[in-house]
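Across the two complexes that follow, subunit A remains constant while its partner is subunit B and subsequently subunit C.
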Partner chain A sequence: MGAAVDIARGETLIGKRVPKMDAPEKASGRTRYIHDINLPGQLHAKILRAGVVHARIVSIDTSAAKALPGVHAVITAADVPWQRPIGVAKDHLPLKTDRVRSPRDEIAAVAADSAEIAEAALRLIKVTYDPLPVVTSAEDALRPGAPLLHGEELTWTAPDGRREVLHAPSPDNVAMTFNYAQGDVARGEAESDTVVEDVFWLHYVTHCCMGVSGVIAEFDADDNLRLYSNTQVPFLHKREFAELLGIDPGRIRVIQPPIGGGFGSKLDIYPFEPIAIFLAKITQRPVKLIFTREEEFLASPTRQPVLLKLRSGCKRDGTLTFRTVDTLHDNGAYTSWGATTPFVMMQTISSLYRVPHCQYRTRAVYTNNPYAGSFRGYGNLQATFAVEAHMDKLAEAVGMDPVTFRLRNAQEPGEITPQGMHFKSCGFKQCLETAALRSDFRRKHNEYRAKWHDSNPLKRGVGMASMLHVGGGAKIYPSDGCGTILKIDDFAHLTLITGASEIGQGSETVLAQLVCEELGLPLSAVTVVNNDTDITPWDVGVHASRTTFVAGNSAIGAARKAKAKILAAAAAKLELPVERLGLRAGCVVETGSGNRFIEIGKLIRSLHFSDKAELVMTTHYYEPPSQHQDREFKGDVSAAYAWATQVAEVEVDTMTGIVRLLRITGAHDVGRVLNRLGIEGQIEGGIVMGQGYATTENLIVENGVVRNPSFRDYKLVTAPEIPAIDISFIETMDGEGPQGAKGVGEAPAICVAAAVANAIYNATGVRLYALPFTPENVYRALKGQAQPPVWRVAS
Partner chain B sequence: MSGISNYVAPRSLDEAAELLRAGNVTLLAGGTDLMPQSRNGRTQLRPTLMSIRRVAELRGISEAAGNVRIGALTTISELRDSVLVRERLQALWQACDRFASDQIRNAATIGGNICNASPAGDTLVPLLVLDAQVELASKSNGTLATRAVPIADFLLGPGQTARAATEILSGIVLALPPRHFISSFFKFGTRPALDISLISVGLAARRAGNALHDVRVAFGAVAPRPIRAPAAEAALEGKALDDGVIAVAAAAAEAEIHPISDVRASDWYRREMVRNMFTRVLAHVRDR
Partner chain C sequence: MSATVDIRFRLNGVDTEVTVPAGMSTLEMLRERLDLTGTKYACGEGECGACTISVDGVTVNSCLMFAADCDGRELLTIEGLVASPVGEVLRASFARNGAVQCGFCTPGIMMQAQHVLRKHKGCERADLQRAIEGNLCRCTGYVKIIDSIAEACVTADTEQGA
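Showing the complex of A and B:
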């Protein structure tokens, strides 16, 4: 533990170890998650899912379920003819009409007096299906003559009979494509002394939030909708739900109870949410719908499988020349944010290192598999995995060590990349050097490599990987901003009303810190209000590692306005020039000497209770100075960029294939450390999540069916597996960041798998091209029994 | 909404056996298998649920006349805390040490582990190499009677045992191993905690110098039930452990197992792991 902050002495809060404000509540079990909320008169809902993979729905008989005592409503698509499709491509009806495309598909839903009755009612619903041929992989989906998942247009008929086409047919199963190019790859290849090409396979995983998905929907007597929701984007969803229901967005209020984990899984609307709303509307009662853990595995979004072909080259001196990437994304049965991960992947391909010539192409393809959402890192884990494998291969080919090779190609401050990203602050080279030094990388890399052929079945290895990620928001929507309202009451208690959502990442604490830093108040003087769209100002949502940066700048803006107001009042009262006044330790002080003039509370009281009565209440909206990408995907999308290098040290048991992570040495350009305790937690958590992706987690999907929907067989990392973690912070003091900070929410999870792959190679001389590195997969590869991924994709 | 209409919690073995005789009873011990299985539909609960947890006679570990008796209700934690088990029945202790998590170990009983008859049940492999007998109590003809069955004959297949519907498993009896007796259990899972055995290896023998006598070898999770491996035993019997003997025994073991492929591992990998881990266990014994 670092030294405690003595706010009474007016010390800075920045960079200190500040416990999260919500920690006591969570640690003592007092936090009221959505599960704990029960409204008077509330009904419980359950969803009947298809269970079959791909079929026409022939008939649905709900009569027995409706007759069960305690059941209030049983609905199918026929009961909500006005339902509209949801999702990124509007290709997904909450309740399925004539066809199911995935076993998770929603057929019917029940609202009943208890969850048990609802469950029993589901068992009474009889559905008959006519099976259709199943498309089990993205490659199969592209084969000529493959069954079409969305071959017909999806139309919607308004109550007045007007017909709208909401989703055009996809005649080739391709849901989305991305093409990006810079320079001339043919020229780049011609200039290369070494060229490597490989195919990589990135597997299925899912978020495994400890708090399962859930929602409570309620209409008031005036038909306004109140939604208790775990969403990460309350304001965007308010609008979407309004569209879905055909009502004015102003009539929807979203309240977010404390969220038991997001990691990107709650960026989209999923069928269970509209279904709960339909049931609430039909029954005119509050309806609560909470997933079981099994349902969470079956019906929440995934990080999708990606088949990726990468061709890269460099010159003899180690300078990168070109990169060509072709990927096939298994979109699953419907389109959610997963299809758009190429936005981030191409940034890593084009701009993590300096590469003059690049070509990038993705096709996201419909299959009957679980559909893909967004997940911490947003495609960057996959892109980094491939790019960093090639950095090691190219380095080896030209006889350079991995660190030197990377330093030769690393970005520097001031660079504007061909994709248009402007790296105003950039600590990449310090990250590389620091991680290499603290892990003793060069020495170990040589030593371990020399032991490939000795008799010890336990091999050690080190591997490194680096990453680039947005760290100052991401301009995807018309605005990437956030609003703040700050109210200081007559006891100098501060209510910080922010649009930014807390999903466990510690934003409340950091925002409070930033505001207190401006106003010289202790953290105990702050209440954060951040979970009710009827109260909080607009924010685009918690995603893209943006909250500290964007909401932080917004909070600072509001705090500075409040400070100006307080100081102006103090100057008038004390008859002193405002320049001589500052705020510290709860008082108005003299700037140089620190002499106390008056307590802030007392000053505010005198403002309130006077003939010119005034409240200290300010607002601020911050919009980061970033740009939208143009049609060629070029533009400076973020106001700042985060960098990191991680070195993994592993031990490979060649008799079992078990890869033990011994140590992760991370060096992260975080701009500046605001809450040391918080950022350490964020980075450790991200590393463990990356470790799970690399070594243990695997959503096994066979013929469209999830085979391991439980923690028994979907293996999260357990405590004894967590490696020693050594973190260094590179503080580049970003000019636009709040107190110099950048966003780091996603960064720590991104490098681990890539670094571990390189470490396994350093330990054994065997390179793995497919994740995850489960013992059997590693053992197979060591025995030469693995089938390396191949690119067999129809063009 | 289960099919349970009646819950009973007898206080004596006699009473429990009487209730069982009436039929249509599901027995509940720690519930760590029964509860998940009844919830996911793998087990149908019968109308009467009988908790045996109040039956004091089913508890405790005792030693008398060269025999150890372990009550069926003894929890995995109790076995792990027992000095007798740790010092004299090492293989069983090792199985309990690598078993699940604290929470599960505190609830799970050895009787439940045996009656659940999972091919991967962790106490079964040590009990096989320790030549344990299970004791079954019933009142099928009015008076309480017990019979003893060797564990190898008791386990029939996944979830199947030689227990009659009217019988309670009351305890486990085994001869206290002689001096210079070694036993060892190795659980191979893909992670160090909270894992189901992918395969497991049990070994017990009397050690004389470098040679092993009265060798017993068993494997878990490689056949419909945990199995003894007589050919591997024969390959080791009376021999000094050296690389050659170990290789022959490992090859013999491979011919005795019938692993399957499932979501946890392929049959190929299970075979490889039996060979490699059996080799490792034997090398460890040799070098000790």
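Showing the complex of A and C:
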């Protein structure tokens, strides 16, 4: 625990343990999440879901529901003929018209005086279905003659009768494809001394935000929409909701109460949001819709499940030669961001290590399963799992230890990869060396391996895995920027208005730190406003580990403009050259000596109440210097890249299959530590989320139906199960990063499963190709009874 | 409609009377009838601990307890806890040690932590991990929550010893 920073003495805030500004309020139970907000006159909404996997809707009878006292509206697709499809491929109508493709599908919705009445009304709605054949795996969906999920075009008829095709028919169930290539894999294979090929299966997991999904929608008398939303992308949603409703985006105001966990789950619009808006429009009352936990499991997105075939090779000296990857993504019934995770997967495949020849082909395929969204790591957990398994296998094949083998192929600063990524700062080799050293990796790796065949049924193992992820935003949208408005009042109190949303990760505290650092003010002098699109300047959203980097640079830009204005005023007032002046401890000071001339508040008052009558208010928009990828997916997509190596040490009970994660030793290239307390929290939380992915979490989907929609049967890691965690920060001081920092939000979750798989192999000599490593799965594998994943895909 | 029950209990030190439907949970009563929204719904079946409160000095999942069963009892919620010296120690420790990220699980864990502080002074780290195993947190990985309770244990011991 560090001592409190003494801003009065001009100490820096950077790198210190700065408590989150919102912590006291949250720890008092006073923070009002969306669940805690109630508007006067508000109605409560509930959604009727299909419950059947794949069917034609024959009839819907809502008459009894409408007649129930306390019910204000019951709607089906027929009541909102103007609804438009949502999602990444615009293949998903909020209320289903004639067909359901998944048990979660929305058939009808009720707004009533209470949630109980709405619930009772749902039970009175009678729907008859005509079942259709079900497709529950991506491989089956690709077979000739497989039932088609979106075989017909999706059309929309405007009120004036104009007809538009919104989603073209998919004749083969393929929702999206990505193909990437560099070099010549055939040549790479010919140059190889060793080649390995395996198939991996990465399973379904889901975000499990502690705060369930929810929304409150209301229209004012002029038909402007006010939306209380948990979104991570308020400005993008504004535009999408406007399109959906056929109204001007300027009429939509998105207010973001503090959210009970995001992790990428809130990057897309889901049907419940438009449905609440429809009900608010029809009833002309505020409508609140909150999920139950069961609904959260059934109807919020999953991590993308992936079947992955990897073929890789190296020379006798350990130099990687080629990598060929084929993947099949189970898209589920509709297309959300999960389908686009190949953007990130291919970065790991092409550029985590130097691989001259590389090919990556993937298809996201429609099935009747739950549909996948974006989730912390965004495909990188899946790609890293396979790539790092092969790094160990190749190392073993050429007789090198895992650390040396990786060091031979690791990226270095200055590298521009064939995919076009430019690693201006890169601490990858330090990450590898530091994690290996601090975990005593080489010694343990040899020692544990020597005990494979001894009589002790408890085996230990160490395994390592590394990761590359964007650390300076990701240029996916037309702009990857963020705006800041800064105002300093007459008492030197600072209001930092930023487009960047706080989702629990601590962004408001880091942004306040960065601004205080420029202006020499204490954190207590800052109020952060970040939750209202009518007030805050544009930001692309909380994703891609970008907020500290992009919003941080934006905040610094605004602070520097304010500083220049204050110093210019001070120079005029004091009749001193501006170069001699600085800001520290709430005062204008002489640089060098630190002598105090005037308090900042007093100076601002004199500026305000003068003939010139000026306020100190500045704005800044920061656009990171990165590139959009071209059609071949090449380009320097991020302004900086983050690196990490994690070593997992496990104990495997070979009699039960129980894998205990004893320790994670992580080394993270974070550019620079801004808030030590916050960054430790991000990394610890990410590691335990990765531990859940590796060992306990499994959303069981059988024939399109989620079988375990509760915390009783979907097992999150609990406090007694966490590993000891040792984190080293590699500070590479990125030239573009705010105070040298790079993004870190997703990084810690990415390597864990891959490292644990390698550790289980080091403990037992058995390699597992499918997640999760539950006792049952591990036991079967140890007994040689596991069926490894197979690639049976029609090409 | 369903039958109702008139109940009386002490809530955060204040005598409280309320009429509730027989089937209402204590969690619903706190949130919807008494406007005490610091106690959170996150699963409704006793698996996550976000709704933890103290009843007659014992922590319970308020989603699993009928409101009617509060009759004659002494309830403490997060709102009452933070007004007490123990609550103040915990809140300060949770904030200072980074135990709070999204904060949704925090009130429930604070309630469980006050139970630990009152009942098991001088806990080892492993004991603290066991003590909060019924509380799920998706953000922090628990490390800083355990740090916070451990520090609060020391502070509370020191203050009681003084």
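Everything that follows uses one rule, which is that the second predicted complex is superposed on the first by the 795 of 795 C-alpha atoms of A that agree within 3 Å, B and C clash if a C-alpha of one lies under 4 Å from a C-alpha of the other, contacts with A are read in each partner's own complex, and residues count from 1 in each chain.
Here, contacts are C-beta pairs under 8 Å (C-beta built on N, C-alpha and C of every residue); 3 or more make two chains touch, one makes a residue touch a chain.
As the structure is a prediction and not an experimental result, all values here were calculated from the model.
Chemist: Which chain, subunit B or subunit C, is in touch with more residues of subunit A?
Modeler: Subunit A has more residues touched by C than by the other partner.
Chemist: Taking the superposition as given, does A:E776 touch the first partner, subunit B, the second, subunit C, both, or neither?
Modeler: first
Chemist: Look at A:P720 in the shared chain and tell me whether it touches subunit B only, subunit C only, both, or neither; answer first, second, both or neither.
Modeler: Once the two structures are laid over each other on A, A:P720 reaches both partners.
Chemist: Name the contact category of A:M210: first (subunit B only), second (subunit C only), both, or neither.
Modeler: Second partner only.
Chemist: Kindly classify A:A120 by the partners it touches after superposition: subunit B alone (first), subunit C alone (second), both, or neither?
Modeler: In the superposition, A:A120 touches subunit B alone.
Chemist: Quick one: classify A:R707 as touching subunit B (first), subunit C (second), both or neither.
Modeler: A:R707 contacts subunit B only, not subunit C.
Chemist: May I ask you to decide whether A:P19 touches subunit B, subunit C, both, or neither, giving the answer as first, second, both or neither?
Modeler: second
Chemist: Touch check for A:Q304: first (subunit B), second (subunit C), both, or neither?
Modeler: neither
Chemist: Pick one for A:A27: touches subunit B only (first), subunit C only (second), both, or neither.
Modeler: In the superposition, A:A27 touches subunit C alone.
Chemist: Name the residues of subunit A shared by its contacts with subunit B and its contacts with subunit C.
Modeler: 712, 718-720
Chemist: Considering only the defined contacts, which subunit B positions touch subunit A in the complex?
Modeler: For this pair, the touching residues of subunit B are 1, 188, 190-196, 263-266, 268-269, 272-273, 276-277, 280.
Chemist: Can you list the residues on subunit C that touch subunit A in the complex?
Modeler: Subunit C residues touching subunit A: 31, 36-45, 47-48, 50, 77-79, 82, 90-91, 94-107, 110, 126, 128-130, 132-146, 151.
Chemist: Across the complex, what residues on subunit A touch subunit C?
Modeler: Contacts found on subunit A: 1, 17, 19-20, 22-24, 26-33, 35-36, 207-212, 258-263, 292-293, 503-506, 677-678, 680-681, 684-689, 710-712, 716, 718-720, 722, 725.
Chemist: For subunit A, which residues are in contact with subunit B within the complex?
Modeler: Going through subunit A, the ones touching subunit B are 116, 119-120, 655-656, 658, 696, 700, 707-708, 712-713, 715, 718-721, 774-776, 779-780, 783, 785.
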